[in-house]
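The structure is given below, and queries will be raised subsequently.
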Amino acid sequence: MKKILLIHGPNLNLLGDRERDIYGTATLKEINDKLGAIAKKEGITLKAVQSNHEGEIVELIGGAKGKYDAILINPAAYTHTSVAIRDAISASAVPCVEVHLSNIYKREEFRHTSLIASVAKGQICGFGVMSYILGLEAAIYLTKEKNK
Amino acid sequence: MKKILLIHGPNLNLLGDRERDIYGTATLKEINDKLGAIAKKEGITLKAVQSNHEGEIVELIGGAKGKYDAILINPAAYTHTSVAIRDAISASAVPCVEVHLSNIYKREEFRHTSLIASVAKGQICGFGVMSYILGLEAAIYLTKEKNK
Amino acid sequence: MKKILLIHGPNLNLLGDRERDIYGTATLKEINDKLGAIAKKEGITLKAVQSNHEGEIVELIGGAKGKYDAILINPAAYTHTSVAIRDAISASAVPCVEVHLSNIYKREEFRHTSLIASVAKGQICGFGVMSYILGLEAAIYLTKEKNK
Amino acid sequence: MKKILLIHGPNLNLLGDRERDIYGTATLKEINDKLGAIAKKEGITLKAVQSNHEGEIVELIGGAKGKYDAILINPAAYTHTSVAIRDAISASAVPCVEVHLSNIYKREEFRHTSLIASVAKGQICGFGVMSYILGLEAAIYLTKEKNK
Amino acid sequence: MKKILLIHGPNLNLLGDRERDIYGTATLKEINDKLGAIAKKEGITLKAVQSNHEGEIVELIGGAKGKYDAILINPAAYTHTSVAIRDAISASAVPCVEVHLSNIYKREEFRHTSLIASVAKGQICGFGVMSYILGLEAAIYLTKEKNK
Amino acid sequence: MKKILLIHGPNLNLLGDRERDIYGTATLKEINDKLGAIAKKEGITLKAVQSNHEGEIVELIGGAKGKYDAILINPAAYTHTSVAIRDAISASAVPCVEVHLSNIYKREEFRHTSLIASVAKGQICGFGVMSYILGLEAAIYLTKEKNK
Amino acid sequence: MKKILLIHGPNLNLLGDRERDIYGTATLKEINDKLGAIAKKEGITLKAVQSNHEGEIVELIGGAKGKYDAILINPAAYTHTSVAIRDAISASAVPCVEVHLSNIYKREEFRHTSLIASVAKGQICGFGVMSYILGLEAAIYLTKEKNK
Amino acid sequence: MKKILLIHGPNLNLLGDRERDIYGTATLKEINDKLGAIAKKEGITLKAVQSNHEGEIVELIGGAKGKYDAILINPAAYTHTSVAIRDAISASAVPCVEVHLSNIYKREEFRHTSLIASVAKGQICGFGVMSYILGLEAAIYLTKEKNK
Amino acid sequence: MKKILLIHGPNLNLLGDRERDIYGTATLKEINDKLGAIAKKEGITLKAVQSNHEGEIVELIGGAKGKYDAILINPAAYTHTSVAIRDAISASAVPCVEVHLSNIYKREEFRHTSLIASVAKGQICGFGVMSYILGLEAAIYLTKEKNK
Amino acid sequence: MKKILLIHGPNLNLLGDRERDIYGTATLKEINDKLGAIAKKEGITLKAVQSNHEGEIVELIGGAKGKYDAILINPAAYTHTSVAIRDAISASAVPCVEVHLSNIYKREEFRHTSLIASVAKGQICGFGVMSYILGLEAAIYLTKEKNK
Amino acid sequence: MKKILLIHGPNLNLLGDRERDIYGTATLKEINDKLGAIAKKEGITLKAVQSNHEGEIVELIGGAKGKYDAILINPAAYTHTSVAIRDAISASAVPCVEVHLSNIYKREEFRHTSLIASVAKGQICGFGVMSYILGLEAAIYLTKEKNK
Amino acid sequence: MKKILLIHGPNLNLLGDRERDIYGTATLKEINDKLGAIAKKEGITLKAVQSNHEGEIVELIGGAKGKYDAILINPAAYTHTSVAIRDAISASAVPCVEVHLSNIYKREEFRHTSLIASVAKGQICGFGVMSYILGLEAAIYLTKEKNK
């Protein structure tokens, strides 16, 4: 049975309550439940974690090697500042999908650059909760193909 | 019945034959057939066009207003150089999904900037043909929600 | 009898319908009619063309040499990206007036740079349809003076 | 009766005598007379002032609120260096037309950026004295329309 | 018998008539005739095309695969703006020689960067019509060597 | 009774001992005591926390919503690197005052840019411990006004 | 008896009337009265001056040496453009506090850089009239400490 | 007896397993053992710690003052992003040696800039495990000299 | 009899009293007296003026045409910010020598760029009062040669 | 009889032995022999020199005035760093052809800029030894035409 | 018996006498003697050369191929300006260690970039004479391992 | 008796013959003779050297310590590229005057930056041979004052 690790980055615990015009009204729990249901239907084990700590995220990813078949991550603010998470993704060598609720290219200049994108398999952004759903599909797809 | 316009940008007519390590082995016809089948199942009319001409793509998008419910576009090389296509998307006001076969953030510096991304609803890249499939799902999703 | 060539760049066929807060409510036909009337009163032949194709605009300008006494152009999106149109203006050596409906200096950073401005005689922007009227006056003025 | 304030920035008192290849042979008095005549014919009161002092220009603009219906300004050198004049235009909220005798985009790199343009209604440059005449027409036009 | 495709980019149809101090007095026909004669003597078929349309040039190059043994191109203005032509050259995998009549490094800053150069085999510029002659020799040389 | 959360960023636990020429001789405890006394006199509850962990500070701010009426923060090193703290401030929507002991504009280039400043209400820097006192006054003032 | 010189830069004479959403509704006289009252209570002589002239402000500061114990300045637009005022502050060696009504880091890019900040003791911005009050306290504090 | 603190930054716990072409095959334990043996022979106490948490590394360094005679650090990813670690090194005033397994100047552009280097005594990179050995020698050397 | 206009820019009235380590101990009067004596010996009329006002300096230079044979100017702070003074020098066409007491290339980055240098005949800096003496010699030399 | 000076820059003495994938397998002697034969057939005297010393190359070029009719130079590493060689070419006024074995636009960023190109007549790169042969033809061509 | 070539770049002949606060008090001879002794003990032949000439250093390195097993170089000023030395190192393919007496990252901005670092095996800086000793150890280590 | 070393950089041996519109018609010998005469009158020994070799100039300056009281240098092209000459000037600690015949600020962008200026006492440029004469006076002045 394939396993996917879902990582939510900093401040995503505030979803539903926080700047709704940007991030929508769904709570993190609602997102996790929805994704869990989809994964289940596909016969995939989905493990969801939220952390505000760069170091914890580094450890989650570093520890994923050999345990998970794919990582689905919304690195949130760390997208733009964390070389450590980037290095963890490279080091773990687990295929990784980067998602964002908002369209980061419509926002402040500094959000247009992702340190994660070039070590992820691909990136999905701008569709709200739908970004996560598409990201999960992408991750499931990656677990199925045995190629790079 | 909802209608989606699928636009393939310059050089995508060469798919399957061209730099396979970057773009994969599927031909454009195979991609269109696969997406057509998915759309059909969802009860969506999918119209697929490929063009190497910036002006033609501008006209396709400008003419989509009132005729199509969403646009799915792989602007290819024009992603990085066409303000005209960007303006057409803004002008038509049809919700638009931007997709790329390759992960543009792993390639040359000039491919890291998209003139299209900030006028599209969202962007998906890096998953090969799967980028198109996810993009179509996103476009179908956009035709269903009546919000911005 | 003096002749002026009026060129409208990409997406201007959508005027009146497109982003009215930026571009106003007049249609392209209304603008052409108004300018035509002014030209007529001044005893000038005005030929108006709209094109979404960079190459077509290049050919219009290249072909203007010896046929037109001035060019009035709203290069729209190509203002910021077309070296080819710039070269055509230099090559044709027909005096050229650049106009814009909107104030391009109030908009996105990339619209602040015009590749056309330094080969045109002058530039007028920000006054909506009035930009065209002032531009036509400038073009007529240029046809009258025999100087550089 | 509508009133327009015409402001000539630094060194423009030297016109006619100064670098004629760039600025032409007309003196400032000749320009003011020509514009005055046009304004008179349109039933507009035109008040013309020249100043080499940034602070004076700031005060002229700050004092224009409620007294003038439009401002026509050639900020000359201060175009590129004066945030104070920019702020005065914003603060006074009197619609403002920016003009230049020369085509600033054909000259030194530092003249390509105007701090004034994005707070003016529009900009006209490159037509010599004709820039002023077109600018006056634009200003008159602005006094007639009651919208922004 | 080896075949070479010669592509002239935008505005080159105006040669001989256009800015002679930069581009010389030879017309495009004269250049094509001279190159044709040289090719003939070398037993090479030379096909010459001029286009002002980026999309057409993309298609010419995309269609060259398997039909031509080398491409000789003067991309003119598109040298500095066309990612689409660059991608077409990569996609077609036909060895390509880039030539320019003028020395682009003596001209405006934006002409110092070629998007084409890094996908071409080599670049020749600054020798007027002689650039084309040397370029043709280089292209013939490339058709003869079977290496990269 | 109004409540203010005082957050001291990384390395501020070393105050009094650390680079005294830059940061002065007061210890963190002395600063907290002094601010506590002032707050008490104003009838304000002041909660002071120091953390070297970006994630902890993110959580402190995220958790402040609905519990505190204002935040007084010296983000120290994270001023220049933390998008996560910036996002936490935006997400919590608690009015925030940014303070610095030293004048950051007199120091290394990278300290001249604050990621926090544009989401804080205002910034105070350069007055040593007096920066904190003024910052507390500002925070108290913000708790009193009911406007943004 | 200590003396403080309060300098208001260009356009601040328009306060209360000008862009109220940015600068608030208090007039300059009201601000001066409020600050005067605070100073009086502290036994400080406060001299308030407003000038739109860079040169005048330079002279006020140059003349402050030996006459005033501190300077409180809102350099307004000159914050971003005046090396002369910066040099005057260095030359006078009177301790100086820089204040701004608005949060300059939330506004246009060019307002993020202050030429004054690195020669002032410190900077306070973003709190409206409260910025002045805090600035006055800071200035009074500086007159009391005999150290740098 | 002299004491040296050895700090390994984020992801270094994965050594030996992670990208071996860049970082070699030695595990962290093997490196620590080798360095411990060298230190022992020199009569030095070596304390080795690995952390993925920026805040923990800040605290390790902040707490080193008075306890350790030198710090040997491989800041890994934090080299390029952590002002907090930089400030901790300045604040602790313990002489510090920065080492890297790989030659950071051969890798991505963003790895060419170290925020740590200018507060360390010196930097050693590119020699794999030998970088650590040389770094330890440098640290021992620093503990012996009583000069800056 | 030849006439030279000597202009001292902002804050130079403070010389002798101001930052002596940078500008030396001579007062402006002492400098003027010394230069006056040298000029007298050479049979030159020297007129010395100091101004803190950009506009005044603009007028001094604009008015120099036909009255003075050379200008000797220390533009001080306006060196780096005044396009108006630059334009005045171009407009007046009186040969101009730029001098600085300090070596501006040893100071802050923004002092390394002079807007004046490229319209002056030459520049002399770094020799304290000797810069003025050499500058006067240069100006006298310029009044003697009749060439550009 | 026409004379051409052939200059090989630094490290080119190592050709044939050095990085063959970039520079090919021909030795410098082989290249010189081949070019000598071609020159001889054309009735041209070819003098070939290799130097690793910037100063020597400067002297070779400075001494070429009046002795040689054209210079053929591969400046190698000095292409990107030597203003002295650039100045020598300008000073000697002997028409100069710049060649490179490799396509410098496919290599490191710093190799994309040539200080020589804008003072040479033209540039040829990317064709291996063929670059030299084409360059010699270009140089011979330049010796024949008496124009610029 | 292994051989190492030690190269000292420009101005290093002045060591001991020159800016001692930056470079220390040891003379070049003392350094060479110390390193010679260490090498001897390790059974290594060390050849030390100092040169102020870029071309000479290029030749030393070019000539090292097949004669030396490693190069130890302090390129001094040429670190930041010499592409020729960089190319020589690449061409010779002898493993190379770059050392600096001072910490180049604590000095002027232009010293932060090394053209040598990315072609050397590794870099050591900031430890004074100890940098050389560590560098020699690194070089010896490189001669012993047969890997890249 | 005081001694001054006069160094002429690369290509200056060509003076009088080379680009006379930029550098004038005087030969190097004429300049040396004129300066020699002036020095003699002042009782100064002047030693003049010209070199095209960066390394030679480095050695001339390095050897000047203790032998010369001042250096007068026109570094020509090396002004903009030689850190080695810059370091030699710092190392020798002999006061140095930098001169240029042309006004380097009127020429190409890359000539606006001098690596030498910030280690010289001062800089003089733009006055042709008069630059040398003024530079010699400055150097003589420096030999007379015993201060920094």
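Each chain carries a letter (A, B, C, D, E, F, G, H, I, J, K and L) given by its place in the written order, and its residues are counted from 1.
The rule we apply is simple: a residue touches a chain if its C-beta (ideal position, glycine included) is under 8 Å from a C-beta of that chain, and two chains touch if they have at least 3 such contacts.
Computed from a predicted structure; not experimentally measured.
Q: From chain E, how many touching-chain steps at minimum until you land on chain K?
A: 2
Q: How many degrees of rotation bring the Cα atoms of chain I onto the matching Cα atoms of chain L, given to the nearest 5?
A: Rotating chain I by 180 degrees superposes it on chain L.
Q: I'd like to verify one number: the distance from the centre of chain D to the centre of chain I, where each centre is the average of its C-alpha atoms, in whole angstrom.
A: Roughly 31 Å separates the two chain centres.
Q: Centroid of chain B to centroid of chain D, CA atoms only: how many Å?
A: So the centroids are 47 Å from each other.
Q: Could you please state the distance in Å, as a whole number, between where the Cα atoms of chain E are centred and where those of chain I are centred?
A: 54
Q: Please work out the Cα centroid separation of chain E and chain G, and write it as a whole number of Å.
A: So the centre of chain E lies 63 Å away from the centre of chain G.
Q: Mind pulling the chain D residues that touch 2 or more other chains?
A: Within chain D, residues 53-56, 81 contact more than one other chain.
Q: Can you work out from the touch definition every pair of chains that touches here?
A: A-B, A-F, A-H, B-C, B-E, C-D, C-E, D-G, D-I, E-J, F-G, F-H, G-I, H-K, I-L, J-K, J-L, K-L
Q: Which residues, counting only chain G, touch chain I once they are in their complex?
A: Per the touch definition, chain G meets chain I at residues 53-56, 58-59, 62, 65, 81-84, 86-88, 90-92, 115.
Q: Over in the complex, which chain L residues touch chain I? Could you list them?
A: 103, 105-106, 112-114, 117-118, 120-127, 130-131, 134, 137-138, 141-142
Q: Quick check: in the complex, which residue numbers of chain F touch chain H?
A: Result: residues 9-11, 13-14, 17-19, 51-56, 76-78, 80-81, 110-111 of chain F touch chain H.
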